[in-house]
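Only one structure is covered here, and it is reproduced in the block below.
Chain lettering (A, B and C) follows the sequence in which the chains are written, and residue indices restart at 1 in each chain.
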Amino acid sequence: MDFGPHFLIASLEGAITAAILALTAMGLSIVFGVMRVVNVAHGEFYMLGAVIAWWVAHLIGIHPALGFVAALLLAPLLVGVLAAAADKLILQKIGYDPDRTIVGTIGLLYIIQQSTLMTFGPDARPVQPPFNTRLSIPWFEFGDNGFEIIWPWGLGTTSYKLFVIFAAIVILTGLWAVMTRTKIGLIMRATQQDNEMARAFGVPVERVYAWVFGLGAALAAAGAVLVVPIQQAHYLMGGDPLLLSFIVVIIGGLGSLPGTVIAAIFIGMSDGIISVFFSPTLAKIIATLVVAMVLVFRPQGLLGKANP
Amino acid sequence: MAAVTILSTTGLTKSYGGVVANNDIDFTLPAGQIMALIGPNGAGKSTFVGMLCGRISATAGKVYFDGEDVSHLPAHKRISLGIAYTFQITSIFAGLSIHENVALAVRRRLGNASAQVEEKVAEVLERVGLSDRAQQRAGDLSYGHQRILEIAMGLAQEPRLFILDEPTQGLAETEIEEFIALVKSLAGEATILLIEHNMDVVMKTADYITVFNFGEILAEGTPMEIRDNEAVQAAYLGTAQDA
Amino acid sequence: MTDTRRSQALHAGVILLLIALFFVLPAYHVGNLARILVLAVYAMGYNLLFGYTGLLSLGHALFFAAGMYGLGMTMQFFDLDPATAFGSGLIAALVVSAVVGFLALRTSGVAFMIVTLMFAQAGYLTILYFGEYTRGDEGFVIQQAERVFAGFDLTGPTERYVAALLLFSVCFSLIAYIVQSPFGRSLVAIRENEERAKMLGYDVVRHKLKAVIISGVMSGAAGAGYALLFGYAGATFATVQYSILPLLWVLLGGAGVTIGPLIGTAFMFYLIDYSSSITTAYMLVAGVVLVLLTLFAPQGLAGEIRKRALPWLP
């Protein structure tokens, strides 16, 4: 294949990574933005979403589409409830102290991951996509006959992959509408700005925190459900999304929601594109160092505003 | 004036994103004096002393300590030149013993000489009347005693310039009397710059008063002169009266 | 007895006890104890930074690995003798911790944790990237023939225990000395109230940098010691998990107490040893312990002892 079609494929793969990453990182970002704590177990909620998706699809098993839809509804719900419970049982008890929250969520990470290993086992398991039509993509070139449209071998995608991008956009738009247009969103934003003041105005801050923590985890789970028909569910799959989400949230500015989306697109696209052309390990080394340097020299994020 | 100047500023300015907290302040403090900084809340007094000791970076202007330009020195270097500072909101090592709080202040100067450190700590605790509580946890002290401990940490540094930001805030009457006595006993040992709202304390201790208003120096003079100054009265009556 | 005397007696007592254990314990546990002692050195290095200075790093595996590979690679490719290779492990850890400290200390709190995590991750990936030399995740074995120092075969159980105890005792005494010195006390002051420490004239940034470097070099010494005594270096030791383990040991044993790391490491070692005989998911135990500690005993075992019975514990 020539460079052009190759690049188009890479961009498409990048767009899928970006879509999933935007969902997952948004979960982390909302939790940090509203509660000011870092949830190290975020990647495990993602993994749990994928694993539950496999269970649900497996149990229903009549038709792939039915199982998938059920998983898309149930997995985020279950993961969200679990996260809210963890918030009530652990984080609330330690008063959301930043250091202790990190240590506590590291503990939670191992508990979720290892419990999955004990029940789900060490194997990677696939989920059937609900639909998977192959779509070829045309390319053009100037040949002997002038301008002509060709169908290069290998240049194509599937309807499901396009659906992932579409679904991510729908979920994020819905989230944005909730945050800006509804009373729930208003309460969340008020708590984010000043939780003492919110409390004084009768906002049940503890309950808001539990909801936000659940919502953050549910977003990660939703991203994972979308991804399992492409990747497989595995008990160690939470590591990479956690790291990438960190990177996105930091580059986008801690707690800034539009920044998070922009950074997710940027990181997802470049990750997809770079890993097609370079060694993925080298790409990861560079990305990790860049993020560390951003935190050191521009802690408000690349897109965040500098403090006066 | 014949007296040696220990601290001075020229054109010292601080602005926070366009809001000017301190504007072009020229200030001189003669060695050995007890100077009070007064002024309504928000007049920029704390910002000013923050810039003197380097906690707050100045937007423009210079600070001279003992004839040297210290404008570019970080806070800890300025402190080690002989400045001590007490915070407006009490700041001590709450989890450590009272002895250790004072010892930390002494050790920075005396380092490893443990016998001398012990001697100095004992002397300072004796002076402020905290000797019998030396092994208590500082965080368990009453509010008034915590303030006194912070002053003790200042004394322990044997500073040439001692900056106190509202030291009597929240103290009981008797504690205030003790504080006044303590400050007076320091005359001759150190130059003192005192931010103070309690006019009784100011009148009893200060040799000289500088009045801040809207980030500028409104008036300077002896306590008598300031008491009779109409601009000062207007500034106070027009804003805060809690002083 | 003064507090200083008590503390000297305690530290000497611990070392004497460890010597005595060698003669009392069966061979299997002596082998375990050698491993625990080396890992406790890692935990002590971590404790200086976390327990005494109040800086929570999530990237100490980088320093451990720097020591490990600093020794392993030079033995493998330059045929250095164990002592020189150990020195090069320390130098590697020194350089890495100085660079990381210089950069990461520009941040604080949560950002510091994430930056250290990122640097360690970059270090881990670098080891994988140069897999041709480092053998990546698989790692490489340091042959028995090379692990002979001054006529002592460090693979023998007695020599190994002696070497581990020696490394531990040196670091243990050093930590005890540091934390009771004016320098160590000013680290505690920074942990308790950084702004106040600064306004007492302490150069907070320099103190913290020194703490990172001492902590990093000690972690590196543990890494180098581990590779030398157990004959293996692998990228697993550079993973996030190995950054979290010393945090876990220190929290369990008691942060900011000199004997905390040893207690925590030994306790956790046997807990995991026991649970891995039952299930492959033995890290579940670590997770549960972490959560329980966060909730109920943030001071750890030795911390609780200090609070309830022995307030003079350094």
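The criterion applied here is as follows: contacts are C-beta pairs under 8 Å (C-beta built on N, C-alpha and C of every residue); 3 or more make two chains touch, one makes a residue touch a chain.
As the structure is a computational prediction, the values presented were derived from the model and not from experiment.
Q: Out of every possible chain pairing, which has the most C-beta contacts?
A: Most contacting pair of chains: A-C.
Q: So which chain ends up in the middle if you average the CA atoms?
A: Closest chain centre to the overall C-alpha centroid: C.
Q: I'd like the Å distance between the centres of chain A and chain B, where a centre is the mean of that chain's Cα atoms.
A: That pair's centroid distance is 52 Å.
Q: With chain centres taken as the means of their Cα atoms, state the distance from chain A to chain C in Å.
A: 34
Q: Centroid from C-alpha atoms only, then distance chain B to chain C, rounded to Å. What do you get?
A: Inter-chain centre distance comes to 43 Å.
Q: List the residues on chain C that touch chain A in their complex, please.
A: 56, 58, 103-104, 106-107, 109-111, 113-115, 117-119, 121-122, 125-126, 128-129, 240, 244, 247, 251, 279-284, 286-295, 298
Q: Within their complex, state which residues of chain C touch chain B.
A: It comes out as residues 181-182, 185-186, 188-189, 192-193, 195-204.
Q: Hey, which residues of chain B end up touching chain C in the complex?
A: Those in contact with chain C are residues 53, 55, 74-77, 79-80, 85, 87, 91-96, 100, 103-105, 107-109, 111-112, 153, 157.
Q: Within the complex, which stretch of chain A touches chain C?
A: 38, 90, 93-94, 98-100, 102-104, 106-115, 117-118, 122, 239, 243, 246, 250, 279, 281-282, 284-285, 288-289, 291-293, 295-297, 299
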